[in-house]
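Each of the next two complexes has chain A plus one other chain: chain B in the first, chain C in the second.
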Partner chain A sequence: MKLTKILMASSALTLAGSVAFAESHAMESPVAGEPMADSMTLVSWGGAYQASQQKAYVEPYLEMNPDVTITWDESSAEAVAKLRAMNEADNLTWDLVDVVASDAIRLCDEGLAMEVDHDEVLAPAPDGTDASDDFGDLIVSDCFIPQIVYSTTVGYRTDAEGWTGTPEDICALWDLENFPGQRSLERRPIGNLEWALLCDGVAKEDIYDVLETEEGQDRAFAKLDEIKDNVVWWTAGADTPQLLADGEIVMGSTYNGRLFSLIVEQDQPVEMLWDAQVFDLDGWIIPEGLPEERLNRVMDFLWFATDTQRLADQSKYISYGPARDSSAPMVSMHAELGVDMAPHMPTDPANSENTFLYNYEWWADYRDDLDAKFQAWLAQ
Partner chain B sequence: MTAATTEPVTSRGESNLLGFSLPLVALLGAFLGFIAGNAAGWPLIGAIAGVVVGAGVTYLAGTSLREKRATGRWAVIGVCALLGLLVGGLGGLVGGAIVGAILGWVAYWLVRGDYRKGVPPYATAGQVLWHNAFLFICGLIFFFLIAPIMVVIPLSFNAEAFFTFTPEMLALDPEGYSLRHYRDFFSNSDWQLAMRNSLIIAPFATIIAVSLGTLAAIGLSQSHVPGRQAIMAILISPMIVPLIISATGMFFFYSAMGNWLEDNLGFSRELTGYIKVILAHAALGIPFVIITVTATLVGFDRSLTRASANLGAGPVKTFFSVQMPLILPGVISGGLFAFITSFDEVVVVLFVGAAAQKTLPWQMFIGLREQISPTILAVATILVTFSIILLTTVELLRRRSERLRGMSPG
Partner chain C sequence: MTDATAQDKIAGPTPDTAIRDAERADGPMLAADGRPLKKSLASALRRQKIRALLLIAPLLIFIMFTFIIPIGQMLFRSVENQIVSETLPRTVAALDGYDSESGPPSGEVFAALTRDMVVAAELKNHTRLGSRLNYETTGLSSLFRQAGRGVDDIGEDYTDAFVDANEAWEEGETWVRLLANEGWIVASDEWAAREEAAGRGFDELPPRFVFADGVEEALPRTTEMYADFAAVLRTEDGDSPVDEEPWNIVYLSLYEDLAANPDAPAAFEGAEAELLAEAAEIAAGLEPFDYTAAFEEIDEDWLGEDVWGTIDAFSSDYTAGYFAASADRKLTPDGIQPVDEDQRVYGTLFLRTMLMSLGITVSCIALGYPVAWLLANLPLRTANVLMILVLLPFWTSLLVRTSAWKVLLQQQGVINDILVWLGLVSDSNRLIMINNQFGTIVAMTHILLPFMILPLYSVMKTIPPSYLRAAKSLGATNWTAFWRVYFPQSVPGIGAGSILVFILAIGYYITPEIVGGTKGVFISNRIAYHISTSLNWGLAAALGTILLALVLVLYWLYDRIVGIDNVKLGG
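Right, the complex of A and B next:
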């Protein structure tokens, strides 16, 4: 391991050398050769996203390591609660957990996720750039290993009755006059309050300043009141696509990958908006306290599964942007449909023109308070 | 049936044709026509067509087609199916045929006075009404019990990846149906793992629950056991205590036990995982076995065991040759309950099990929450079929053994 590090440092001096080095050694993880467990439990979100992980890096990894078995647990939604319980019962059954950035920050603060040195556990880019530079700002926590960027955005049915025109921006959610019908929004304040203020005339850069004040919060809820009777609240990512396909709602928010699958793969009469979509991250955390052999297996897998090629491969199966800068130019066609994936990525320049950058740190401070307020408002 | 008994009914039917049967069937026709018309977008026209067809069929049933019930009913099915076909294509044809069948049946039922069949001739109108209302309520109860399960079956053949009756499906277009969700179930490694785990965990949990539960029930039926009520209450508690509470307790208890097994006996993580879930499920199944076996023991004649002992058989021999065959129906039905409890259980396995032990309900639950995939419906259909086959087999075996032993099947 030490030798690898020295080699890496020296190779960084000469660019040409470093490229050759990274290419020939990209497969060798820092724990190669050490004893490793032969089974691993990965925790993820199920559905199309988990399928993309399975195809892009789990299956290739199993091909390289035929005696390893990998089991999926689709429990990312309650990862925080379950890791707490596992920690208390001293019964850690998970090896690697896929969570959103805000959960990674919480788990890291509570000591339930392991802090990692990103340059040490993750492969450098093919051109030799360190992992921490390649991932850049997306490393929002010392425990968090980013995989993808995604957006929460709005899809609408193209055959809705009684509509005048087509929705052009996020405020179409509030335009009951031109776009009558039921909408769906996520059953949590994040995103909804920002959209409400945005459509109430607050400038994008002032939103969190306004939302910090009592009046600002009341203003956001008052705006939401306008459409409250027309909103179906969703909790699972699959809800809005199902409701849209059923025609139960005419527009609704969900993750952009779900809408991609609804529109392109399932061929439903639905279109999506790229306006003020809420940008978010998803990635791995390693639970704290893994025994050594299991940890070695996790490290070996992580090195492979988060390298430049694997993250680019994942975007062949789902329209989420790879978290590495070096993967972006390698995004190509959908593996089965042959559709060019770049225009469907939240990172595509045309789509990210009006992205809404959701503020993790702000929400970490205000989440509990606003969650309670939001639930109380829902019950009114 | 003789002419004397049909005569008064016939005359009542004729005299009431216009005042009683005709308006009723017309009203029903309006109602069904409204529903059918609503599906096509013209509720009012549907209702009017329903009134006309309902009144027409009742009039014909009461006059020229009175004795030709089959002809009359087929005719109205044909007319309604044709109307449906004109309005709604193939799906309309089926819908129309169903409406026609209902209207035709009700028209003849009313006109011929069949609604008085199950009641004595002296019953008042109120009693007749109540008798039929009672049958109707019973029918509704069956409907509400069965319909939610039945809806799942056609949906599982959906060609789309959603829980939706697509327009193609409603039009009975073969394009709208497919076996893709069944293919997914049989080719997806997650579902196969879940299936295998269910088939490992449920039988082992059942064997443990049946052995321990039967012994406990026999022991507790002896009058000299001290504290019988208290022991019984404790053994039954997993059935009474809310499952989520049992599950939380079991999570911590079996975590500690699993760690001990791994550290001291060197069991693998996977094996301990199975042991934990099997023991937890056995604990849930034991109350069912105790209750059913205790119930059969009430009818068990104790003097048989004394007679057996008198003839020189030891307690073990007595148990297997005398007592066991007689309480076997209770043991089997208890075992079935224990099996189904383990096979259907999702809360405890989510707590106690790890992902390597995920069972079918676990996979279905997770699948419903994260991805509303109709594969769940395909699995549900397979499980419903499996349950029906299982229960039918057990019932047939039970009847056969009772016949062999000279008892009447009850």
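Right, the complex of A and C next:
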């Protein structure tokens, strides 16, 4: 009873806070006053992530614009193929699509996503810094509007049998002697090849140069060969947490938000190995070819949903780092669990001592080739 | 004939009369109404056919539009390749007769590529082509992306030279006065006035650009690029070129025209002739542009054999490249070559898909046959209960059933736990039953089992039990009675069940994806990957076409060996 009251009070406070912020927010979206469609279809990933978007900015936006209806479509995983099909059928039913950065680059290359001027369509930081500076390097494509930074990292069971010591770095994945047991890795070359080279003694800054050569690729696959028989390959983000909870595996890679809910919400004996976490980004793209009124609605929503406060609010619901520099200091408690979120963010200084930045442009080139090799290697 | 003679007395024509008439007259056989019988029959049949066709027309049209046409279109993608010649028309034309072994192509090809890339970059088509060609040669994606960024600067020096000499060259209006037809200028002014009057929401496109007479002969390169410039401006921005400064490549083209033909200004009159004469003088003082060097500066890989070999090999409108890739081969300038051994995957996957589907079919027969026999021979009441047990999983979601197998089969799963508890397996050596071929076969056999049981049951239901009793009464043992009498009659059910199970299995994708691990996945998983992740729809279509062809071949073989008449889905 008491807890409910506290929770209610705190959420009322949050609500009041955000409403107050919205009122004091002097800058209006650049399309304010223009004719706008009164419905919008947002595409996202479903699950906890979509729920965080719903609470952090869709609900507040709907409160400010009661006439608007927002429909969710949980199709982000197939967004690229579906957008291409919609484009060919000339029947665009989506207004704003949440995709990972590499998909955004692909959609931009295919001409399926709209190029935007980030300073024009996104709100500046509260201190007046331009949006493009506030987002900085995270704007990896002209079509991409970043929302969060997440990472692929390794979680391990703390009660694994027959272990000597605790895993300290990413190479524990390869240390079958000290940490015997099954592992899980994502069934794609991205990330795994980098880790393999890193543990084969290649310096972090040279990895992509090495991976560009035939010998480097062979070297990475040879390193993966060492643990191939002990690896379960996952395709869905929920696989590793499930396998860890079942005791099927003793360590495995997945998105940090999934591990957060496994550890904090489900209270499983699992720890996170932040070492060599691979950063990735997720954000919005606007599909190319929206009619003007729908586009205006999207622009109006985007201006609000990606501002500093909204991105900081999102981190109350999920442990993904806000993409704006200016949002970082505002990260606070989890809205329901009351856990301080900062230490669970992939961008937290303690967690990001050794991080790995995914090289999008490099992978855009090498993805097809290495994927064929990876599949052939798996089939052997 | 006697009867017929008797009937002859009946008044009025009868079919027989007609035949007789025909025989007598030695003319065409006539129907009762006096028309030739053949025609009459044909028209009656035709009417019947049309009626039948009309009856099935709604279904036929529905299937055509929702099934046959989309599938046909999808399959057609496996050979389609217009993207190269549509995005780089000039380059493809200039490449005619190019041999990639003789090093990078001539400057002329690079000049054509520059022009194509400027247009493609404006239309944002270049990255699309880059990702298409990147399926063939690694690195082309970023090469095209970089070139798209770099090409608008090509020719900047020439722009500066002309503008420095006379600022008028910076004005869109100067170019329009020089190149446009007078009628077009009037139409464009009218359009601009309408736009001014209408304000916001004006969406009429400006008139299509028309050159003045003789301009195209005098300045061929310039007009060619200017036409593209005007067309892109019109379709992309809805603007008229009157207020826009042309692309750098137009200035470069003007220089090349004037350098090649210093007399070009003579084709013009008045102020335009003067302006052009002045430009011709400037042009005389400029060096020709080195396109090859410009691309080398963007990225030296542009001079590589790989790039040009790929563009050349994929320049035709239709390609066998996707089918080659599906067979672990590669289309190169020297013909079709096998890919490196460490990239061969499709042959293995096709073979595995076939063999595992066969294994699933066999295990479905082995498990389904006794169940169907029981169902067909038990009293109705018990059989109905059993039937519900067969159908229940059939009505359960595919995903739920597959996930359930995960829980059962995994190392910490139910089956392993029981085996350990029984002491049959030690705790450290739990069986690996999932994420491999075993897992896929078990889960898919379970999922497809009803498709085997139902046709078997419906066939067995029609085999009278008295046959078995008769055989036994004649002295056959149980086995002989079953094998010589019962089994041969149930073969059509096995045939129907096998075809259903095998064809369904071959195209399965969700179950192998979830329980198949790495060695238990099918070709459909690769098709799904190319449709949704790599976006290589051409390759997906080629793989799908091959899969379809394989199924049809197997169906034909089945027909030859077993006979398709021997298949029964029901009594």
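One rule holds in what follows: the second predicted complex is superposed on the first by the 353 of 380 C-alpha atoms of A that agree within 3 Å, B and C clash if a C-alpha of one lies under 4 Å from a C-alpha of the other, contacts with A are read in each partner's own complex, and residues count from 1 in each chain.
Keep this in mind: a contact is a pair of C-beta atoms (placed from the backbone, for glycine too) under 8 Å apart; a residue touches a chain by one contact, two chains touch by 3 or more.
The model shown is predicted, which means the values in this text are computed figures rather than measured ones.
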item	value
Which superposed partner A:371 touches (first chain B, second chain C, both, neither)	second
Which superposed partner A:238 touches (first chain B, second chain C, both, neither)	first
Contacts of A:187 with chain B and chain C, given as first, second, both or neither	second
First, second, both or neither for A:91, with chain B first and chain C second	first
Partner chain(s) touched by A:230 [first = chain B, second = chain C, both, neither]	neither
Which of chain B and chain C A:46 touches, first, second, both or neither	first
Contacts of A:246 with chain B and chain C, given as first, second, both or neither	both
Chain B/chain C common contact set on chain A	77, 246
Residue ranges of chain A in contact with chain C within the complex	77-78, 80-81, 84, 106, 108-111, 115, 182, 187, 221, 232-233, 235, 246-248, 361-362, 364-369, 371-373, 375-379
Interfacial residue positions of chain C with respect to chain A in the complex	124-125, 127-128, 130-131, 134-135, 138-142, 145, 339, 342-345, 348-349, 410-413, 435, 513, 517-519, 526, 531-537
Sites on chain B touched by chain A in the complex	160-164, 190, 193, 251-252, 255-256, 258-259, 269-270, 273, 354-356, 358, 366-367, 369-373
Sites on chain A touched by chain B in the complex	39, 41, 43, 45-48, 71-75, 77, 85, 88-91, 93-94, 236-239, 241-242, 245-246, 266
